[in-house]
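Multiple structures follow.
Both complexes below contain subunit A, partnered by subunit B and then by subunit C.
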Partner chain A sequence: MISADMKSEEGDLDEDTINNFTCELGVLSQCDGSATLCNVEVRQQRELVDRSSIEVTFRGPHGVEGVEDRRVEQLVRSTLEQCVFAALHPRTAVSVVLNVLETDDLLLLSTCVNAAVLALLDSSLSMKYLPAAVTCVPVGDRVLVNPLPSERQGSSGGSVTAVYDTGSERLVACRTAGQLSAEQLTSCLREARRAAALVRQLYRRAVAAKFSKEPRDPWAGPSRAEDMPPSWRRLGGQQTGEQSTS
Partner chain B sequence: MWNATETPSDILQHSKMASPEGLEFVLPGDVIEAEDDVDLGPGLRRDPRGCVVLQPGVHRFRAPRTHWVDTHCRRYVPVRGQCVIGTVTARAGDFFRVDIGAHEPAVLSYLSFEGATKKNRPNVQVGDLVLARLLVANKDMEPELVCVNSKGRAEGLGVLAAEGALDFRVPLHVCRKVLSPLCGLLGRLGSELRFEMAVGMNGRVWARSDSLRYTAAVAAAICACEHMDEQQIAAMCRDITAAAHQNR
Partner chain C sequence: MAADMRAIQPESLYKLHLECEERPDGRKLDAARTTVVTRGGITTADGSAFCRSGHTSVLCGIKAEVCTPATDAPPDRGWVVPNLELPALCHHRFRPGPPSEAAQTASAQLLQLLDASGALDRTQLCIEAGQAVWVLYCDLICLSHDGNVLDVALLALSAALTDLRLPSAEWDATEERLRVKPAQRTPLKLGPLPLAATLAVFDKETLVLDPAGDEEMLCEASVTVAWAGDSMVLLDKTGGCELSLEAMDRCIALSKKRSLELKKLLDCCTQSGEVEKGE
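On to the complex of A and B.
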């Protein structure tokens, strides 16, 4: 069972984060971050013979579950089904449970997707790519990315929640609300694509902290770029070539 | 809010510099260019894009051509040839069902014990702990275990005694860390305490010592070393062995 707790809270603006949510991995000792590939038997009608089935359970802040909760589950599930390498684990289930601690109607959907991805990263389930969700609101001529309630005062009510593949920058999922013109939609998607890279940086920081005590050479082998053989190179991110070996 | 003048490639460059000290930390979707004849271990897969990372972790390399990703994971995926510790959950005819924490209970034939024949059945009860090796392990079939090697010798495999022993679960990377030749934990504990232990690659550990006090000390040391580097492990071993030897 993967549990992801999310908070959207107001705080000091940090230029390195695109929204002010805090993420904690491993909050629950029993199950947080551990992908239960259904030690409990998968129900027969849901068992898929060639892949893992992904189940998302969303518990909204209000007591009674409604159609909106199912819509959140459907978006998160369809996003995860694309990015999780389900073919590696046939006849199993990945169960993601999302609990809302504090709510913001506008940012809820993108926070749900990002929290689910963080929980999957904590569990080290195989994934083909990392999706990142961002909410964009057009205000006048500008586009605000993941705006706090105080910042989106002058908006006309339209918003775009977009999920991008942070590796190839392809659009994975998109949900709009309110009225938007075609130009506003296009500019929102463009800003969301740029902001998705920052969300990936957030993922990286959150997960890399777990490996801070990892030994340099546990099996007496090189693990740094400069020790790698000349034939090893890395694609992308090597713009200045400072990490490449000659 | 974010700096709108940064391009995504700038951001990627910054994020790569935020790795743990001196380690190549990779995320799923990262592409590593490698030659065609490299060996890819866990966490890597060959794709039309190249050598793609599937799991977050530290990218490791061992000469001449082996790449893999060290992950921090709790869920075990069976791999053929690994030794695991399981709990016997049922007897079903000629074999036992053993829970090893995988996607399915594993199967252990009663003939897969040293000296077992059809008339000489091994003394294995439901609820026993067994240390066994995986003979069959893939995603499409239920795992199969054996408690003998290819010559019919047990060599430490088989039922693990329950009396005076503790069996507990740790994350998978702690098992690998404890068994690593460069980790000094077992050596330091062994120079002060007398104990026996079995480490299953499925995250289960069994330990037994002269008394429950020493057994608990060994178990506490193994559980605590998850977030420690070598200096901290040395200090922790000194504290734990001193506390264990202390008279009440």
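On to the complex of A and C.
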């Protein structure tokens, strides 16, 4: 949990304290994202002659589709449309599928955006910039970043999910939930801008971890428990203790 | 020459308009279109309203039905189901068929706005806890889409809720059935109703309020801010170009001013009874 005084500029943000971030390319702790870029026919109605068409499919945890899922897809898709070099790949489709493994209603949206960006990083699709999303909740005079349910007792229910371009530090997308005052919104946006820089460092570490692994026989299966993606461990691939790293 | 440019280079023509701080329809950048609200037009519905802003118009009808609350839902709350339809007749880009993503997202947004504003306490919709609750089916149909459907739809929904009259209903415990008197009707007690203002962003800094259809197509981003009284209940900037925090502050200020105008319009409409017209 990170908290910062709404009134002051200093905070105690550092990358070890950003909350609940387990990320491994291809698998994020609360979302599982994958990107497919391949030479299949794009459906005629979706084909764009001058750029790639980006499709996002979101499957909520409860299985039954609802209109709320479309809102998540809309935010993720519009963020990706801006950051991907779609003009490099005309008449193709980039299809991003998001499946939720565990859910926290408040943090879902920011996790989906981060998972989609990590999946695109994994797929090596050219991007203009790296967007990073965080959720901020004002509690009293403080602003908490990505707080757990236990940490956000006492909030009035308002929250802000903000996606920032980590390079230029400008706001790419933003969605609020619940009631907020204009001052609370402004403080949350400022705090989110600082926290987005930390998310970018996490992306960097995930990519570095991907390329630091020894090449191994792909048919051998994971030799060590630590090599298994967290989702495999949760599904009981091998009996091993669960850990989450940040 | 303007007609040729509109066909070939609409963005450049629009940017020339913006340089003169005027829009193609003659409005200033922070002026909204003339808005008309009419309540009670559909006599077969329990509550209805029609709202038009420029050429964008949305009709809302509310039907109240009784149902048993679900076992996993709180037993003393009814529920509201807003559904916005963007049929093929409202604009040539919509085809007949299943609801488009735009319609689905707008329906989800309307529900979120009602929930976040706390305008309607769902316990009012309870007839007998665990046995019978009201469900309000709010059907919104866009009859003409010339940009900024969400604001108009939300205004129509808010006006229809003020027009809603629920029949009196009693649960007869001895006979275990509901007795409804359709002739006796009461309005709901509503909290501050949500009202939204959408701004389109051009060149990352220029904001125009209440974008018309062609402006919505040309804009680089759009920001929707909804207010219920003094609280912001939604800020939605979905993708598009990046925005600085200063521009965001200006969005918030402009939208607050517009929501106050809409509130005045809605209050006049509620008091006077039928048609109200405002800027």
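Everything below uses one rule, namely that the second predicted complex is superposed on the first by the 182 of 246 C-alpha atoms of A that agree within 3 Å, B and C clash if a C-alpha of one lies under 4 Å from a C-alpha of the other, contacts with A are read in each partner's own complex, and residues count from 1 in each chain.
Please note the rule applied: a residue touches a chain if its C-beta (ideal position, glycine included) is under 8 Å from a C-beta of that chain, and two chains touch if they have at least 3 such contacts.
Quick caveat, the model's predicted, so the values are computed rather than measured.
Residue contacts after overlaying the shared chain place A:H62 against neither subunit B nor subunit C. Contacts of A:D165 after superposition on the shared chain: both subunit B and subunit C are touched.
Of the two partner chains, subunit C is the only one touched by A:L185; subunit B is not.
In the superposition on chain A, A:R194 contacts subunit B only, with no contact to subunit C. Comparing subunit C and subunit B on the residues of subunit A they touch gives the larger count to B. Once the two complexes are overlaid on the shared chain, A:E81 sits against subunit C while remaining clear of subunit B. By the touch criterion defined above, A:L121 lies against subunit B but remains apart from subunit C after alignment on the C-alpha atoms of chain A.
Once chain A of one complex is fitted onto chain A of the other, the partner contacts of A:V145 are limited to subunit B, with no touch recorded for subunit C.
Taken together, the two complexes place residues 165, 193 of subunit A in contact with subunit B and also with subunit C.
Within the complex, the subunit C residues that touch subunit A are 101, 104-105, 107-109, 111-112, 116-118, 228, 230-245, 248-249, 252, 256. Residues of subunit A that touch subunit C in their complex: 66-68, 70-71, 73-75, 77-79, 81-82, 160, 165, 168, 170-182, 185-186, 189-190, 193. For subunit B in complex with subunit A, the touching residues are 1-4, 7-9, 11-16, 18-25, 27-35, 43, 50, 52, 54-64, 67, 70-75, 77, 101, 103-104, 139-140, 176-177, 180-183, 227-230. Residues of subunit A touching subunit B in their complex: 13, 15-18, 33-39, 83, 85, 88-92, 121, 123-130, 144-145, 165-167, 169, 193-195, 197-198, 200-201, 203-205, 207-208, 210-225, 227-229, 231-237, 239-240, 243.
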